[in-house]
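Structures are listed in the sections that come next.
Common to both upcoming complexes is chain A, partnered first by chain B, then by chain C.
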Partner chain A sequence: MIRMLGEIIQQIVFGIGVCLVTIGAVFDLLAALGLVRFPCFYVRMHAATIGVIGGAVVPLIGVSLISLVSDQLGPYRFMFAGISFFTALLIMITAPVGTHILANAAHKLDLSPKEPIIVDKMGEDKR
Partner chain B sequence: MRRYIVLFIFYFIIYLLLSGGTYFTDVFFAAVVAAIASALTAKLLVRNEEKLELRRLYYLLKYFFRYMLVDEIRAHIDVARRVLTGEIRPGIVAVPYYVGSDYAKTLIANSITNTPGTVVVGIDDREKLMYVHWIDVKALDPSTCRMYISRVFEEYAMKIFE
Partner chain C sequence: MNTSWFLSLYIPVITCVFIAAITLYMYRILRGPTIPDMVLGIDCMSYDLAVFIALVSLYYDTSFLIIGSLMISLWAFMFDVYISKYYLKKELGD
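Moving on to the complex of A and B:
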């Protein structure tokens, strides 16, 4: 009875993990589409953000859930789960720093055309 | 003293997570490495150790789940729709912030940038303004922008780090 319950829980966790990986694949596709379709550098950055959170962090959490219930991995499954989860957290902390620096440098040096743009408070305040 | 213990536990957990340790040698080396690392970095990372409380950890975890389950999903669906339909009104707006510590500022800026649709372009420490590139400009004056973009993040940052 307890064994059956354990197997059901294993199946549910496995299903959640596969769902998260599938969601990640969908968001990666949308991010790639956005990178092509959006008009300028700053707007493309938003599409890249989809690729970071929806396309990297979410599937990594899914991988960690899947490896947690994969019996064939033996004792190494905790290692896989721990590394995937910790990598997801690290990406969440460090990726926005890169985005921030890129945007700041592009705006300061005026490297890319900003149009289309409705309002640019930062450029107005600098003058 | 408290900061050394807290950081020791933190590094210990990270080492065990990364090595997947279930043997005695793993636990032993985790303890050694964590002791050395916490002795070296505690004074740099934690200035005021009165602030290390369980209540703040609880708010941090609550914020993590709220952020991933509510804000991220809403923003992802919104920007995904814009990718497919192509309707955008981009602009750089100014958003004021009222927190003082560096950790809180970093948390707010990271949260804003990690949400698709808003990217922090610059930060002005003297005027206490963040310049945010917004994919769909709904308002121009700073306080209304703050309502839309960063009010929730700032409430939690106050509770966690202030």
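Moving on to the complex of A and C:
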């Protein structure tokens, strides 16, 4: 009875992991399309955020869940799950910092044209 | 639970999607009009590559390839910080 319940829980965890990896792949393809099609750098950053959070953090958590129930990986599968989850957490913390600092540098030095623009509060403050 | 039979069918399909995304990012890296576009493309491609390495190590049933995923995610963050610090230092003048 207990053994059967364990099997069912393992299959549910495996299904959740596969769903997360599939969602991540779809988000990643949409973000790549957005990065190609969007008009300027400051709009492309939105697509880049989708590609980082939806396309890298979510599938890494899914890979961690898959590897946790895969017995063919041997006793090192807990190391696999831990490093994968830690990588997801690290990307979730560091990627917004990198994007913000890059946008700050690009805005301060006018590295890229701000062509489709409505309001620019930061540029008004600088003047 | 042995999931090898499912993963050997599932992971090639998913890696095809990730390779298509990496190709589109590569277009932006090569054609990017300005430097921040290229940096943004390299950033996204590095995080994609981390997921790609994780999937490949799951496909080959080995646990040691996953360490490269951790390293490449740290490298992408360092790349952003170095590029923007280089430009801001030029602006501050010291």
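The definition used in the following text is that the second predicted complex is superposed on the first by the 127 of 127 C-alpha atoms of A that agree within 3 Å, B and C clash if a C-alpha of one lies under 4 Å from a C-alpha of the other, contacts with A are read in each partner's own complex, and residues count from 1 in each chain.
Convention: a residue touches a chain if its C-beta (ideal position, glycine included) is under 8 Å from a C-beta of that chain, and two chains touch if they have at least 3 such contacts.
Predicted model, so just to flag it, every value in this text is computed and none were measured.
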Exercise for the section: Consider chain A as the common anchor and indicate whether chain B and chain C clash or fit when overlaid. Expected result: fit
Exercise for the section: Have a look at where A:Gly54 lands relative to chain B and chain C in the superposition and call it first, second, both or neither. Expected result: first
Practice task
Using the touch definition from the top, say if A:Ile12 reaches chain B (first), chain C (second), both or neither.
Solution key: neither
Handout entry: First (chain B), second (chain C), both or neither touched by A:Arg44
Key = second
Exercise for the section: Examine A:Tyr76 and indicate which partner it touches, taking first as chain B and second as chain C; both and neither are also allowed. Expected result: both
Problem - Which superposed partner A:Asn104 touches (first chain B, second chain C, both, neither) - result: both
Practice task
Name the contact category of A:Pro96: first (chain B only), second (chain C only), both, or neither.
Solution key: first
Handout entry: Partner touching more residues of chain A, whether chain B or chain C
Key = C
Practice task
Kindly classify A:Val119 by the partners it touches after superposition: chain B alone (first), chain C alone (second), both, or neither?
Solution key: first
Practice task
Applying the touch criterion given at the start, work out whether A:Phe85 contacts chain B, chain C, both or neither, answering first, second, both or neither.
Solution key: first
Practice task
Considering only C-alpha atoms, give the closest distance between chain B and chain C in the superposition, rounded to the nearest Å.
Solution key: 9
Practice task
Return the residues of chain A at which the contacts from chain B and from chain C coincide.
Solution key: 31, 33, 45, 52, 76, 79-80, 83, 86, 95, 97, 99, 103-104, 108
Fill in the blank from the handout: chain A partner, complex, touching residues on chain C are 1-4, 7, 10, 14, 17-18, 20-22, 24-25, 27-28, 33-37, 39-41, 43-44, 47-48, 50-51, 54-55, 57-58, 61-64, 66-67, 69-70, 73-74, 76-77, 79-81, 83-85, 87-88, 90-91
Handout entry: chain B contact footprint on chain A (complex, rising order)
Key = 27, 30-31, 33-34, 37-40, 42-43, 45-47, 49-50, 52-54, 75-76, 78-83, 85-86, 92-93, 95-97, 99-100, 103-104, 107-108, 116-123, 125
Handout entry: Residues on chain B engaged by chain A in the complex (per definition of touch)
Key = 14, 16-20, 22, 72, 76, 79-80, 82-84, 86, 88-94, 109-110, 113-122, 124, 127, 129, 131, 133, 135, 137, 140
Practice task
Provide the residue numbers of chain A that touch chain C in the complex, in ascending order.
Solution key: 7, 10-11, 14, 18, 21-22, 24-26, 28-29, 31-33, 35-36, 41, 44-45, 48, 51-52, 55-56, 59-60, 63, 66-67, 69-74, 76-77, 79-80, 83-84, 86-87, 90-91, 94-95, 97-99, 101-106, 108-109, 111-113
